[in-house]
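Residue numbering begins at 1 within each chain, and the chains themselves are lettered A, B and C in the order written.
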Amino acid sequence: MTGRYAIRFAALGYIGGLLLAPLSYVFYKTFRHGFWPAWHAVTTPDALHALKVTLILAGIAVPANTIFGVMAALAIVRYRFPGAGVFNAVVDLPLALSPVVVGLALLLLYGRGGWLGGHGVAFALPGMVLATIFVSLPFVVREVVPVLREIGTEQEQAASTLGANAWQTFWRVTWPAIRWATAYGVVLTTARALGEFGAVSVISGRLAGQTESLTLYVQDRYQSFDEVGAYASAVVLALIAVTTLLLMTALKPKEETR
Amino acid sequence: MAARAEALPAPKARRWAAPGLVVGLSTLYLSVIVLLPLAALAWHAHGWDAIATRQAVAALELTLTVSLVVALVNAFAGTAIAWALVRDRFVGQNFLNALVDLPFALPTIVAGLVLLTLYRDLAFTRWAILVALLFVTFPFVVRTVQPVLLELDTEMEDAAVSLGASSFATFRRVILPNVLPAILSGVALAFARAIGEFGAVVLISGNLPFKTEVLSVYIFGRIESGDPGGAAAASVAILGISFAVLLAIGGLRRLATRHDR
Amino acid sequence: MRRISLTLLIALAFPALAAGAARDTKLALVAYSTPKDAYGQLIPAFQKTAAGKDISFSQSYGASTEQSRAVAAGLNADIVAFSLAPDITSLVQKKLVPQNWNKDKFKGMVTRSVVVFVVRDGNPKKIKTWADLVKPGVQVVTPNPVTSGGARWNIMAAYGGMLRAGKTPKQAQTYLAQLWKHVVAAPASAREGLQTFLAGRGDVFLAYENEAIFAQQHNQPVQFLVPKATILIENPIAVTSTSQHKAQARAFINFLRTKPAQRIFAQNGYRPIVKGVTQGLSFPTRPQLFTIKYVGGWPVVEKKFFDPRNGVMTKIIGSSGG
């Protein structure tokens, strides 16, 4: 089947050119002076604190957006409510805003003189959490919606007729079908939350050693011409993203392996 | 299992609480997280002549054009890659699968720096913008199509093949209708991201007005020169356009699956 | 038994903690990004003095105008230190910095620098003066004056350079338009500008001397020259109106103007504002050096050149399209 090989070749070529080269370059820049300089760069107190902040941000944003994502997908696909189309389009809007504008909007809302200003949201961790949730919001929704549409409602209706309540139907019928989509959604959400820079930078106030996430730390290293520090921190972020993917893949039950 | 029945009204008695709760909670979340900040932005938007300048229009044209191209390329490439990762078997497959999300997890400065060094000859041209955007939107279509392909029942494909259909016909008539919603979902994400991208593009594009200045950089310039009202206005304008495009993509999806009803 | 000793421990610790808390004043420093290393040395030095003994700092560094906006939006600050005076005057307008912030002996400044040309190894295109920048084929890289407040120093250096060379204001404005035509990349910040130049773009990069020196100190292959006519960059510092520790904040600023502190600034590439601290360091004096006053002062310059709608530079950039 030459079709198969053609697709494989084209796909691999595209990945190779667009993905592998840049990623290899990042690793090269990180480890060109050896492993230990890179290790030292990411284990400084500032770096470790920044890692902690990033993990907190992702640790809140990802579960929140996952629960929202599944609920929103159900709302859009299963429960036809007035405004579902608008709701669906609004979900993607956070992406269309450039991060600087996201930061601006959050400052306008939570900063001095804003409608919700003066409550310790801006220039502190809560603001950074909100910014992270904002920018990583769409992914679980977008993953789950197509699959929900794909599987149809037959089985859910059958379960309902057999006497299952809403929660049982969801947990035993719907969830197994959308589990994979949710997992990929979690992976994307995590990756986005880890890599977020612009909006978090603006709302964080950039307090050294306090409100610096790992991406802000990368920026700081870059400003100081500390190449190894910047790239090594980027590698840490990449590793966390890959770990998330591996975790999600490991949760796959054995009988589904194809 | 027929995969295409649409939702019939839910039996009323047992389910009355669930839809209301789910819709209500998710709308509340969306409002607080997304709509409130957007409302604050729209409230402070003034100086709408900021979007009427020739420079703004040029930035808008460039951004929209490149984003549409990026969305299109992703539609094809992303589907092919998802196919290769799900339906194929080759050495290094799991490794490549793990790489897919990385452009996303990397801070955009790093992405920008790396692309600047690797694609030095392309740098400061419009092609550089295209490459940078393809890089950061890479995971979208791949990751939305993968789960659908994984859930897809192969019964129909096997039936089609056994009836003598060519693999292309099988793809077009059996598989494509089922993955098209997912592709469109991913395309919507890619388009939205491409429009809003700043960090990965700002370094490699050179930011020359009328030539390589994208809208996010123009808006950033408005903020920096003390015109946040104009920046907000331009942002609201681009949000409006994105919203319209996203609604259209949603409409496309309904059109594409119309025959299922 | 364990519970009793824990209570005892806490009871003993409490006075110590309380005393510590009473002693330790925390000052919030909000600054632009380049002097981060310098303040990293200055703060400990200050804490070794009598005035700084019980003072701790929180520090925030970022792009100058962004930091100014953050303070305006509520970022807590006792001391603000920015790249150019307009970033402080915008806070004065919002009543966050007192109106008399620059009424001291140093006019509110704490460090100085100059605009320089960063060139390729050996300066093959022999770029020495502002007029050389618009010779045919010369490609210029400069931080974007719209997105980088600091880049306005570059534009005013060019404008003033033309005035020094005998041109009329009108001719100098025409020069700016010509200069913009030679700009092949306008990165969003100074640091990105250097990155772009080092990545191979352009024949000359308009930079600030302290940043060029900083890059050299970090092993970047940077060669620069100070043009004969260039602008004196002056970086302001002020105590905020909202500060709860004005006396200590003032003490810190006074310290920054002492000889030992200025020596630290000089070692980090800044031109000091006091004499006698530059032994062993090279800060060439240029004959046609001028200040922002020479070209009108910031309030006038901001309006005339950089007004978001009608500024001269805004119009030049806004009409540079085909």
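Just so it is clear, a contact is a pair of C-beta atoms (placed from the backbone, for glycine too) under 8 Å apart; a residue touches a chain by one contact, two chains touch by 3 or more.
Bear in mind that the values here come from a model prediction, so they are computed numbers and not experimental data.
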Distance-to-centre winner among chains (Cα means, whole assembly as reference): A
Of all other chains, the one whose Cα centre sits farthest from chain A: C
Mean-CA-position distance for chain B and chain A (Å): 14
Centroid spacing, where centroids are CA-atom means, of chain A and chain C in whole angstrom: 36
Separation of chain B from chain C, taking each centre as the mean of its C-alpha atoms, in whole Å: 39
Shared interface positions of chain A, touching two or more other chains: 114, 222
Residue list for chain C, restricted to those that touch at least two other chains: 66, 69
Of all residues in chain B, the ones touching two or more other chains: 113, 117, 220, 223
List of chain C residues in touch with chain A within their complex: 33, 36-37, 58-62, 66-67, 69-70, 72-76, 191, 214-215, 218-220
Chain A partner contacts - residues on chain B that touch it in the complex: 1-8, 10-11, 14-15, 17-19, 22-23, 25-27, 29-30, 33-38, 40-41, 43-44, 77, 80-81, 83-85, 88, 90, 96-111, 113-115, 117-118, 131, 134-135, 138-140, 143-144, 146-148, 150-152, 167-168, 178, 181-182, 185-186, 188-189, 192-193, 195-199, 215-216, 219-220, 223, 228, 231-232, 235, 238-239, 242-243, 246-247, 250, 257
Of all residues in chain B, those that touch chain C in their complex: 49-50, 53-55, 58, 113, 116-117, 120, 123-124, 202-203, 206-211, 217, 220-227, 230
Chain B partner contacts - residues on chain C that touch it in the complex: 65-66, 69, 90, 144, 146-149, 183-188, 192, 195-196, 199-201, 306, 308-309, 314, 317-322
Contact footprint of chain C on chain A as seen in their complex: 107, 111-114, 117-118, 122-123, 201-202, 205-210, 220, 222-226
